[in-house]
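The following blocks contain the structures, represented as structure tokens.
Same chain, two partners: chain A is paired with chain B first, then with chain C.
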Partner chain A sequence: MSGAWYLGWRYLAFHKFKSAILIASITLMLFLPAATRVLVSDSAAALTARADRTPLLFGAAGSPLELVLNSLYFHAGKPSAITADKLDQLQATSLAKFIPLNTHFHSRDNPIVGTTLEYFSFRGLELAGGRLMGMLGECVLGAGAAARQGVVSGDYVVSSPETVFDIAGVYPLRMKVAGVLKPTGSTDDAAVFVDVRTTWVIQGLGHGHQDLAKPGAAAGVLGRKEGVITANASVAQYAEITVDNIAEFHFHGRSDNFPLTSVIAVPPDDKSATLLRGRYQSNDEGLQLVVPATVLNDLLDTVFTVQNYVILGLAMLGMATVAVIVLVFLLSQQLRRGEFHTLSRIGASRIYIGLLIASELAFVFIGSLLLALSLIIVMKQYALQILQSFLTL
Partner chain B sequence: MIEMAAVSFRYQGNVAGTSSAPAINRFSMYIDKLAVVRGERVALVGPSGSGKTTLLGLVAGILRPDSGTLHIHGREISSLGDAAVRQFRIGHVGQVFQSFELLDYLSIVENVMLPWYIARDPSSEKMGRQQCRQRAHALLDEVGLASRSNDLPGRLSQGEQQRVAVCRAMLNHPLLLLADEPTGNLDQANKQMVVDLLLQQAQQQNSTLLMVTHDQSLLGRFDTVLDIRSVSSEGAPE
Partner chain C sequence: MSRLLSMLFSLFLAACGEMEDTQSGNTGTEDRVANRPLVVTSNYPLFFFASQIAGDAKQAPRIVLPSIGGDPASWVPTADQIGLLQSADLVLLNGAGYESWLDWITLDEGRLTNTTAGTTSQLIELKELPTHQHGPAGEHAHLGTAFTTWLDPRLAMEQAGAVAVALERLVPDQADSFRDKLSGLQSRLTELDRELADTFAALNGQPILFSHPVYQYLQRRYDLNGVSLHWEPDAEPGISAWIELQKILQQHPAAIMLWEEVPLASTSARLADMGVRSIVFRTASNRPGHGDYFDVMGGNADRL
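Entry: the complex of A and B
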């Protein structure tokens, strides 16, 4: 390191607090616009990639954006439900493979996604351990959800009550973890996958209890009349579905009316897709068909517009910061006139003193640049997690 | 060693690093003849504003004479270019200032090494960093400050700071040691110590010492006492 560079370095090291403030200001000035751009572009890429891989989506009439965010990213917003008979109607068309989704419930912070086994092959999800769910009450966890809940295959997770104030509500269901998926870097990592009928059990549409016809349940039977058995509250309800008690689980009401959040449609070809879109373009049965990529692009257009305004604002803030830094720097040079005079009297040239000042500026700017780049790299690593945390709010 | 002949000088405009008082900007001096032999230890005296500091500035090459000749160690300084004068100053002139002028952000030893940090370039480097540091430590050892070499100047007393400044001036084995009222800010005990140090170092290095002082009690310790008014015909402000 040449003398001037060394002196510059020592000056900055001596004035640690001043240097740190300068570096922090310039780092923020560089980081914020870049981070905004990186976060938005990475998030947009992740969002659109998933949307592009989801050809068509059926859901209840209402906000297409809410439907897409909930069905693709398991966003916490709850769109209106459609009834299960809509799935039967869609399947009757034979124009696509239809995958139901019911995303109403949570296990701690992880969304419970009721679906069928086809979902796993559709999303290309692979098991890291265990197996896919094989019976009612079993679940498969995304890698992130398993890590967050600290469970592996063979452990249990519990569904969360939707409201603590509903004393007549459904008890949490204890579900056995049949398998854990490999990480994918998508929102699937955070999900707890169950059979769609398991979500109906969680909702209370199906339940399991002691067989009242058996002698062991006699104490809880209040009366038997014309095949109808009336029981009191002492009858044991099952909070977990096991091989031993699965036969005692049953659903009340017509399964046609049970709720689904949405149905993913995967047509085999463009013709089927076109036919499907034509058939459900203006459906008056409370069903809407959306193309997720289109809905997402509309959203991203708005996001990019906002992003441009944010960056413009940050640029103006940056210019103000630069002006303040220049002012502080010039004032600092005034205060250092004595020091420069001493250097000059000992034998330093104007070029040397200029180099000393330039070295200080270079250290500050290079330090800020490296710090900003490091922050951007770190932020890029966590961009998807940041996006997911926004989506699950 | 120092030979000045028919040297005239007049301040042109403001002087960098000084106040721009009109008096100093109108100051001029003329030295018909001045000769100081090598190794001579000279006390430069005279009333304030008579040109003592100006004379030191001319000898150091910080100020350039308007006319006349100035030889130092047989070398015509007044005809050298700026870069050559600077190189000469770093290599052969040691300076001690009244207000010490140590850099607060450098350690004691780094302050002593300051001329090396300034001079350092591959073509003119006389000694490496390690050699320079050893030389600085040796000088600090001589003035009893070796144990404080990594301290910052702010932690030293004024007397100690001036001793560090003397070490800085001696780093390059100077031919010329110029001291501008080096005891002006010191108490009596430190005055004696700093003057002892300057005289001793000048004698050890066979350096010519030119020291400006107002302190009459110190004059007896010098080989020569030179009143600026005896060599400068125009010493007072116009």
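Entry: the complex of A and C
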């Protein structure tokens, strides 16, 4: 009995290339549908978990999906902005805790997320080192962002210009890293968190320069007339906010009109949530209120439908692969007629020869199954990272 | 031995410093153990009001005034002080533009209480504003508000009320105690108001000068006929300042000038030669060297 298994094993080992192709084909046939299902279900769980923890989201009227993906996953797509006075209006309702977000800018590939300190407690983010940002121009990095930029507390990161053609536009802001967060396995790991007002400085709505009233700034003054000082283009703007120059930073225009990407609302109870939804369900001020979990579920319904089509296609492909493998085996038996005849003449029974062929098939299928299982386990480990790479690119 | 004594003395000073900053001498660790909420105030009047209302019960909130050198209106918090503000359960603000540092410090807004938020209609807007122009935004001025609100005892009472409400929200269990103590504090402020009203009434509307534009609420409350200068008590006024004063005195023959602190002897003497008596009227914006808020205000009334 063991001799048939041994001969089967030796046959496969001798025909390495043929055996490898067979195993690879069957592995892929098993792995692809299973991987698709695992990836989609894990991704769905991760997506909905973050969305479930975000009760309500306010943003500019437009695509709810773009708003949710940008505000929850800092996706590259940029929804229209709302003005900061909308945050004041929301806060005046006292129906929830409101957390503003401004996700318009990047530092290298990492999204800069302008928000308030409440975001950290809301998401349960903890410091691995340093402290939370204390003033404008300071930032707190997610674990992934810190690793990618190779910085620790006390180092600096720089905001990236929006476009290389905006020569006279926004200056990159050099920001001090106040702290680094512990890894969370979420998109927060890739973010650079700053005070929301720091994003307005990055945008050029606020800036710092030498005091034009002082004698040392004479070279930068175009004219003085009736108490009005007009600066010329040579006035140097600060590229970094420090304790020494913070007093010279100021904003232009009304802060009510400054932009926000969205506002997360965290109502204390269902009643407040219902009142809030009722108040903003049909809003004609260019605002939309979405329930992120609902928006994500709509997206996932589509994803699951597509997944079913993909799996159906893969199943058909699998059947075709099985047919080809069966054909290959049958043809192989024809080619091995002489070998089987020799075995028969030296005393091997028909059962023995059948067992030899079965052992070869068993080795191929068991090997493919083990390989496919290993690949699925590895892929399951990295499902979140794979998902994030799709969402943050 | 002398080294040991020196160390003990240093420890004693450190302990005194802690006591000076906080309502009680307890350390932060002890407070955390006792779960006492931390309340940080941005100036001395708010610290005093909050301390009076919170009382000294074992579970009373811990009231802290950060160590601020000079006028808290121009305070620039250090990194440690920013940490203190961020760790506070409640930050009591004077409002009316007093805390300019709010523009650039990152704090949890849910923990901030503006004690003049309910009295915005009573705030005095500053009219003389510097304007400047740069960029396409054009000429503009940064609006300002007079911020020494507590110099009007009626506004101070409103602020004390706002402090009590904030403390009640923070520690609902002690609400009754807070209300009782607020009532006592407001009685004393009413008494102070009466005392200052009697004192200023004796001036009979005679012109006075203010060394600095910080007495707007005092002026409005007691209908004072005053003009503000921009003189610093620790700096010698320049020639142009004296010339300007002479011009003002021609239109506004004042015999009294109120100072936030004792002016230079030379300045006092020259003013006296011009028939202007220097009187110190402290705003109590920062912790006094001796006594408490009412002692400072009582001293102001006595000097007048």
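In this text, the second predicted complex is superposed on the first by the 392 of 393 C-alpha atoms of A that agree within 3 Å, B and C clash if a C-alpha of one lies under 4 Å from a C-alpha of the other, contacts with A are read in each partner's own complex, and residues count from 1 in each chain.
Note that contacts are C-beta pairs under 8 Å (C-beta built on N, C-alpha and C of every residue); 3 or more make two chains touch, one makes a residue touch a chain.
Since we're looking at a predicted model, the values are computed, not measured.
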Where does A:246 make contact in the superposed view: on chain B (first), on chain C (second), on both, or on neither? second
In the overlay, answer first, second, both or neither for which of chain B and chain C A:132 touches. second
What's your read, chain B or chain C touching more residues of chain A? C
Classify the contacts of A:341 with the two partner chains as first (chain B alone), second (chain C alone), both, or neither. first
Which of chain B and chain C A:311 touches, first, second, both or neither: neither
So, does A:349 touch the first partner chain B, the second partner chain C, both, or neither? first
Output check: A:195 vs chain B and chain C. Expected answer is one of first, second, both, neither. What do you get? second
Does chain B (first) or chain C (second) touch A:97, or do both, or does neither? second
So, does A:11 touch the first partner chain B, the second partner chain C, both, or neither? first
Common interface positions of chain A, toward chain B and toward chain C: none
Residues of chain B touching chain A in the complex: 16-17, 60, 62, 82-83, 86-87, 89-90, 95, 97, 101, 103-106, 110, 114-121, 152
Chain C residues touching chain A in their complex are 76, 79, 82-83, 86, 100, 103-110, 130-135, 137, 139-140, 142
For chain A, which residues are in contact with chain C within the complex? 97, 116-118, 131-136, 138, 195, 197, 209, 212-213, 227-231, 235, 241, 243, 246-247, 249-250, 252-253
If we count contacts the way the header does, which residues on chain A are in touch with chain B in the complex? 2-4, 6-7, 10-11, 13-15, 337-349, 352
